[in-house]
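One chain, subunit A, appears in both complexes that follow, with subunit B as partner in the first and subunit C in the second.
Moving on to the complex of A and B:
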């Protein structure tokens, strides 16, 4: 079977898988951003209990493997009465894992905003919430965007593990095609190339665009 | 906790600890390969050949932006298609070593680029050979900058070893899975795997930070 034949026969299945992978990446990405901001703000809280909760969350998710977390959430959580559908379990686990890594990025970026900015906001009698939203976060976001680009690529790669709980993503389709045709180089090789294209021509340019846009919004572009 | 059976924990713990040994061996072997291969990748990008630089650069990008688990499958299954049979351990170590070599090459590159230009010029002025310049002048100064990243990836490689279970390397996750399907009990094995990972990665991360500080101090940097 020539490679062209392989593509015409199995291309549609790989495309379906790619769409699932992109859906997983977008959902997990949104969740990761939400968790990262929540955990980072909690870590900056004056209350020790709130800080402790955030630290525990971050250390647990950064200290163990994504695969271990995925199996735990998919196979063990139902024993506690929480049963998640495999697609949901998949993007929630990936989002929670990368969110823990993102929290440190967000915290570092917030801390990198010069002290004078905090003091000026205080002098202008802004409420803490307003100071954070209007003054600190816009400047922090510019700092944290480039590392978020790397994190989103890690997240895309992380979604491949979801195939191990039988979510029909790109990785899963490649495995299935390999299982029925034994054309390993073609099936796994094509999947590798698709992942690369999504990362290099999807995620990286979108992040560059966001970086330029956020700089312009701050009037630094 | 409900349904948590301690007697079952004691029964499976020896097997899990034995598997932890395999996990550690896999992580260290993979890291060893990655350290050497990463240096090759980093130095290949500093040769005068523009084509070599570009090819290696693109290869590193490719490896870094595709999933490790897919690379493991690729290396394991593609060999037999062309008549080369690799054992799970060999293909697993090759995949994980290659993957982290790409990451470490970026760490090395960052470290080498942080060495001031004057050091290169001084080495040239002293008529040192290229090898001597690298090994006696540049790398010792690049190392402290690179150490933080290197430490992070050591912990990273350790946390990625469970992926080797997909091709049947008998590491921790594989063993927990086997216990689960033999006994139909997943709560204890999977929870213990998580605890074992935390028990190793948290102290390691802490030790690496201490080590990094000591190296920086002993080299007279801050």
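Moving on to the complex of A and C:
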């Protein structure tokens, strides 16, 4: 079977898998961002209890394997009465895992905003919430965008693990095709290329665009 | 703080009501005493300049008044009311966040490094707090901002971001931004120290204009002795967290009484 024949036969299945992978990436990405901001702000809280909750979360999700977390959420949680559909379990686990890494990015970026900005906002009598939302976060976001680009690529690749709980993503399709045809080089080679294309021509340009926009916001574009 | 608070009045009234009063104020970081039982009054409309060697506590005076630093002893009053404390059951207790916020509205500050918000244009910098703190409409805030940017001579730069402004222009925006909150007391913390020599004049000219045309109470820390002498009603020389000597510019520069004042003035004039 030539590679062209392979592609015409299995292309549509790989395409369907790719769409699932992209959907997982987008949903997990949104969840990761939301969790990262929440956990980072909690870690900066004056309350020790709030800080403790965030630290525990980050330690657990950053310190243990993504695959084990996935199995926990998909196979163990049902024992406690929480059953998630496999697609949902997939993006939630990946989002929660990468969110823990993202939290440190967000916290670091917030810390990197010069002290003078806090002081100027306080001198203008802005409330703590307004200081954070209107003055500090917009500047922190500019700092954290490049590392977030990296994290989103990690996240895309991380979604391949959900094939192990039978979510029909790109990796799952590639394995299925390999299983029935034994064309390993073609199946996994094509999957490899597709992952690269999504990262290189999807995520990277989007992040560059966001970075340019944010620099323009600072009058440096 | 185990200080007996009963010796401090709950509020200052009548003829004994300066705009700002530091009463027995002490500030220390661990064992290091930055300000030692400081007493200082600033009358309404007065321009007081604080000079002194570095580490003498000058900037700390402004930062405490802006509530950027907490104090370890004593009380600061602004316009008759305690700033650092509030009344509870007839005695002064340390102020809570709400009291602090209400009192802070009386005070504005300009910083050595301007601290403009880089993600906002000049006019947005001036509108931010009036809209989000005072609750002005955007239109009102914009009008107020435009007026103040014109006052500091920047009507051409209204829509520029700080990154595209020179240091002198940034500092003038910062002055307009502080004025937009209509403070009773304005603090200048070494506002010309980070500027290139050729643009210092544009900032000092704005301050001159404020002194001559507006009845603002101002407290300034500076290393520019000539400017301090020209513009101040009173000059305080700080040394090791205390006022070593104070008086009118002519008294202090013309006929300094204390040995340390003479030394300091000799050192700074030689450097010029």
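We take it that the second predicted complex is superposed on the first by the 221 of 221 C-alpha atoms of A that agree within 3 Å, B and C clash if a C-alpha of one lies under 4 Å from a C-alpha of the other, contacts with A are read in each partner's own complex, and residues count from 1 in each chain.
One rule holds in what follows: a residue touches a chain if its C-beta (ideal position, glycine included) is under 8 Å from a C-beta of that chain, and two chains touch if they have at least 3 such contacts.
Just so we're clear, the structure is a prediction, and the values are computed from it rather than from any experiment.
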{"item": "Subunit A as common anchor, with subunit B and subunit C clashing or fitting", "value": "fit"}
{"item": "Contacts of A:88 with subunit B and subunit C, given as first, second, both or neither", "value": "neither"}
{"item": "Touching partner for A:55 - first (subunit B), second (subunit C), both, neither", "value": "neither"}
{"item": "Which of subunit B and subunit C A:192 touches, first, second, both or neither", "value": "first"}
{"item": "Contacts of A:181 with subunit B and subunit C, given as first, second, both or neither", "value": "neither"}
{"item": "Of subunit B and subunit C, the chain that contacts the larger number of subunit A residues", "value": "B"}
{"item": "Touched partner set for A:200, first subunit B, second subunit C, both or neither", "value": "first"}
{"item": "Partner chain(s) touched by A:124 [first = subunit B, second = subunit C, both, neither]", "value": "second"}
{"item": "Smallest separation in angstrom, by C-alpha atoms, between subunit B and subunit C in the superposition", "value": "25"}
{"item": "Overlapping contact positions on subunit A, where the subunit C interface meets the subunit B interface", "value": "none"}
{"item": "Complex contacts: residues of subunit A adjacent to subunit B", "value": "59-60, 63-69, 71-72, 75-76, 79-80, 153, 156-161, 163-164, 171, 174-175, 178, 182-185, 188-189, 191-192, 195-196, 199-200"}
{"item": "Residues of subunit B touching subunit A in the complex", "value": "2-3, 61-62, 64-71, 73-74, 77-78, 80-82, 159-163, 165-166, 173, 176-177, 180, 186-187, 190-191, 193-194, 197-198, 201-202, 205"}
{"item": "Subunit C partner contacts - residues on subunit A that touch it in the complex", "value": "114, 116-117, 119-127, 130, 134-135, 138-139, 142, 217-220"}
{"item": "Subunit A-facing residues of subunit C, complex", "value": "66-68, 101, 104-105, 107-109, 111, 113, 115-119, 121, 128-129, 132-133, 160-164, 174, 177-178, 181"}
